[in-house]
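Note that chain A is present in both complexes that follow, paired respectively with chain B and with chain C.
The block that comes next holds the complex of A and B.
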């Protein structure tokens, strides 16, 4: 009996540091955000209850939050349909045991480790009107001598259409292809070599082996990659904050609107509403993608 | 190991016979091209950190610097305060790693080595943390920090960083601790050790691989974080590297060289560590994602 009570205390003491961090920084703020999203609040002083007004205002003319969500979904679409297939292709090719496998794997993964701010600043220079990209386009004659420099990062592009969101996507693609490639590569490598061999002896080509043996066994990893790509796009902030500004409209995403409302307008109630929507969206897509993959099993 | 390599060789020799040479060349060219796309921006960053504007923008855009402008690095260090940001980042990241690992190992110990009814439930609750984005906490944590007058301090970032690294750390630690044989604990109890002794002198010393994986994961998460860093610490003396670089590039808009130097200084240590530990780092990422 005594031992049991002692154990309870021990268990509690061992859990305490983790619980403090978890409840203090994750759970309590979550609840407080949900609560504050119904108030008009400047962060200090009185709160006035607004009901759903913050949520309604978000989708109104001034804040244009639906545009931000749409941009995030565009990024998610680009990730899932361009970035992930490219990662899968790289992983499959490297998984075949090509010459220089380790080297390619390591080089492709390297950008993942570099700070997003550094990558953003570097790409700012690449996208600069006089930067690397336009210079390369001129050298390769894709951009003629009489044509103007392309303004990649302008809020309003040369013919009214802004390239900013697309320009933000390119470094995202560049940085994270290696990440998804590595996960998928681990999946490719975990396929039992004897299965591969058996398929080859039966006369299957490399592509057929990949299509009918390797990919079906990677469902779990592909699911994880899709969830990471979509929730990552919903949460995107760093690169856009660096390449554009948090005030941007052409590349507004939920997090930039959140930071904008919080630090420039001091609208903490509305900021909280954005947090709540962002969490719900992340949850929804994580569950939805999980369900889609389950359905196809 | 020998077995798998010989098998792999068998497969690739098979491949050489089956698939056409031309196709292999195309594949190799594609991989090489993609490697160049990965490396070229970094090469360009490094070279322009040693050039002046005339070379960067006009006379020598792609080549190695003709004259080496080391003065760019001096400017980045002096005016840019880069070394100070560096120091701040190291302190904050290190302390966050230590707190994360300690808290995660202790919690994992309570959940995997001691039997009690709610243990798996508790673990599930911790795992919910994976889906919570940092955006959910930023406003409440900011307001609490400002009330406690803790903005512009190391603590302001250390505590949130530890909390947001915790879930993954618990995931990795419980996974590893579960594999350790239970007999170890039993033997120690028979020798008269209490729970705490067992934890510190039996379990912790065996956790080295999990500690390495967790450290790498936590390091990258904290070292590169921008949103909290920019919001909680706005004083120059206390800024981390990402926030500091953002700040620096705001003040150096005309001259490109010093910015390149600052970016290179910020990137070099990570790449250096990566070259030394690439396999270990890659394995950490795989472990984190597959369990998640």
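The block that comes next holds the complex of A and C.
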């Protein structure tokens, strides 16, 4: 009996640190965010209860949060339909055991290793009014001598049309191609070589092997990649903060609006409301994508 | 035995999660938070001042910590919420400190000020006085200066920065005719646009009008302000500003100015240190006050800027009275060393040899000495929420989406 109690205590004590961390770092802030989202609060001093006003204001004329969500969904769409197929293609090519496999793997994975701030600065040099991209356009005569520089990073660019969102998406998609490629490469490599061989003996071409043998057996990995790509797009922040500033409206995404409201406007209540919505959206998409893949199976 | 040890280890792990510790050696220890990080231009002046203070007061230990600017804003607000404030803390004047004062978290410095009144002019405390009571020790101050590249001005036939607005506009046209861009302005950082816009408004409507609006004593609904905004916008549409500016950050614009791409650069006088330290540039640059646009309402000697960097004492401090005196002395020293380094102008009276200060900062000091009214930067003067709305509207003015009358009517509707 005594022994059993000691066992239970041991188990409890071992779980306690993890439990404390989980509750303290994840659950408690979540609950307090949800609570704060109903108040008008500067981050200190008195709180005034507002009810659902913060949530209503979010979708009003001034904050335009729905626009930010729409931008995030655009990014998610581009991510799933451009970035992931590209990653898959690279993974399949590398998975065939081509010459220099390791080298190409490293090259493609490199952008993931570089700090986002550095990547932001690199692309800033590319998109600068007198940067590489405009120089290229001038050399190729796409941009005439008397035409003005294209302002890729301006909130309001040439003709009032903003290219900012587009300019932010390109490096974001580019940076994580290597990440998804590595995930999928692991999936490709885990396919039983005998299956591959059997298909080959039956006369299948490389593409047919990929299409009918490899891809179907790596569905789980693709699902994980899609979940990462979509939730990652919803949470996008760093590159936009570097390239476009958090105040930007043209390239606003949920996290930049959150930071803008909290640190610039001092509206902690509204910031909390945004974080609650963001968490709910991420959960929703994770479950939704899981369900879509399950149905397919 | 093994299990017992394992249990013990687990207990230790849990306990180590809640760190605690306190020591009391009889001496007074003061804690200070500021933003003078290693990369901050004020770092050296803080270090020197603290060294001097340690020598003068061996029984007071100052534990100080420097936090990066943006992160600091969150940290100090969190500390105020949880009543974990350090004894002495850095703050910006007007609305930023005002929020803490109205929450009753800041120690009143009226008593301690009496000993320093002869060295710290009353007008320098204006931005940290609430309901007639002083709550802050000002450090250095800065104004908006009109910096000019004299080499480029010479090409357009000017040996001096034009003193009247008519001449100034003629000079801009002459510069344009020479293929020189008159102004560089970073559209990606809206505060840089306000350096121009606020000066134009002040020199059109007078300092009092702008000050009243910023401080919430008057409405934005003012026809003169609308006209001044149109004046600024006409400078944009006439092509006086670098067309690439909308996509540039201030560091690039500043570098461009120093490289001779623009003739003028309106920005804070903290730039004096960098301009003077550049061997190729220091002889080409001059600084002046923006000329008067409407002589009926405005005049020279009205500036944008003023003391904003401030030290304050927490009401929760156990040694608040000691901390208050200590803060005044420390602030005076930080001000002195900061001025000597060229990081800003002194908010305190200069009673030491300042002949080694770079000539550019000295000419700024002359401009300030002749001034009689300073309007604090709008985004510092206003509450954070109002400032954010104001900056958003300024963005739209710079990109010519709204004109003067829309600007004032939008701000009238959204601010107060």
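As a working rule, the second predicted complex is superposed on the first by the 288 of 297 C-alpha atoms of A that agree within 3 Å, B and C clash if a C-alpha of one lies under 4 Å from a C-alpha of the other, contacts with A are read in each partner's own complex, and residues count from 1 in each chain.
Just so we're on the same page, a contact is a pair of C-beta atoms (placed from the backbone, for glycine too) under 8 Å apart; a residue touches a chain by one contact, two chains touch by 3 or more.
All values reported here derive from a predicted model rather than from experimental measurement.
Q: In the superposed model on chain A, is it clash or fit for chain B and chain C?
A: clash
Q: Who does A:45 touch here: chain B (first), chain C (second), both, or neither?
A: In the superposed model, A:45 contacts chain C only, not chain B.
Q: Which holds for A:109: it touches chain B only (first), chain C only (second), both, or neither?
A: First partner only.
Q: After lining up the shared chain so the two structures overlap, which partner does A:235 touch, if you call chain B first and chain C second: first, second, both or neither?
A: A:235 sits against chain B, while chain C stays out of touch.
Q: Quick check for you: in the superposed arrangement, does A:96 touch first (chain B), second (chain C), both or neither?
A: Touch partner of A:96: chain B, not chain C.
Q: Please indicate which partner A:17 is in contact with in the superposed arrangement: first for chain B, second for chain C, both, or neither.
A: Touch status of A:17: both partners.
Q: Check whether A:154 is in contact with chain B, with chain C, with both or with neither, and answer first, second, both or neither.
A: Second partner only.
Q: After superposition on the shared chain, which partner residues are touched by A:267: those of chain B (first), chain C (second), both, or neither?
A: second
Q: Given the touch rule stated above, what does A:213 touch, chain B (first), chain C (second), both, or neither?
A: Once the two structures are laid over each other on A, A:213 reaches no partner at all.
Q: One more residue to check, A:80. First (chain B), second (chain C), both or neither?
A: Neither: A:80 stays clear of chain B and chain C.
Q: Of chain B and chain C, which one touches more of chain A's residues?
A: Greater contact footprint in residues on chain A: B.
Q: Going by the overlay, flag which of 20-28, 74-82 or 110-118 in chain C ends up clashing with chain B.
A: Of the candidate stretches of chain C, chain B runs into 74-82.
Q: Where on chain A do the contacts from chain B and from chain C line up?
A: The overlap between the chain B and chain C interfaces on chain A comprises residues 10, 14, 16-17, 21, 43, 130, 263.
Q: Applying the document's contact rule, which stretches of chain A touch chain B when the two form their complex?
A: It comes out as residues 7-8, 10-11, 14-19, 21-22, 24-26, 28-30, 32-33, 36, 43, 90, 93-94, 96-100, 103-118, 121-126, 130, 132, 135, 174, 178-179, 182-183, 186, 193-194, 196-197, 200, 205-206, 220-221, 224, 228, 231, 234-235, 237-238, 241-242, 254-255, 258-259, 262-263, 268, 271-272, 274-276, 278-279, 282-283, 286.
Q: So in the complex, which bits of chain B are touching chain A?
A: Residue positions touching the partner: 4, 7-8, 10-12, 14-15, 18-19, 24, 27-28, 30-31, 34-35, 37-39, 41-42, 44-45, 48, 57, 61-62, 99, 102-104, 106-107, 109-111, 114, 116, 122, 126, 129, 131-143, 146, 159-160, 162-164, 166-167, 170, 195-196, 199, 220, 223-224, 226-227, 230-231, 241-243, 245-246, 249, 256, 259-260, 263, 266-267, 270-271, 274, 278, 281-282, 285-286, 289-290, 292.
Q: Going by the contact rule set out above, which residues of chain C touch chain A in the complex?
A: 3, 6-7, 10-11, 13-14, 17, 70, 73-74, 77-78, 80-81, 99-100, 102-103, 187-190, 243-244, 246-248, 252, 383-385, 387-388, 391-392, 395, 399, 401, 414
Q: With touch defined as at the start, can you tell me which chain A residues reach chain C in the complex?
A: Going by the criterion above, the answer is residues 6, 9-10, 13-14, 16-17, 20-21, 42-46, 62, 127-130, 148-149, 151-157, 160, 245, 247, 249, 260, 263-267.
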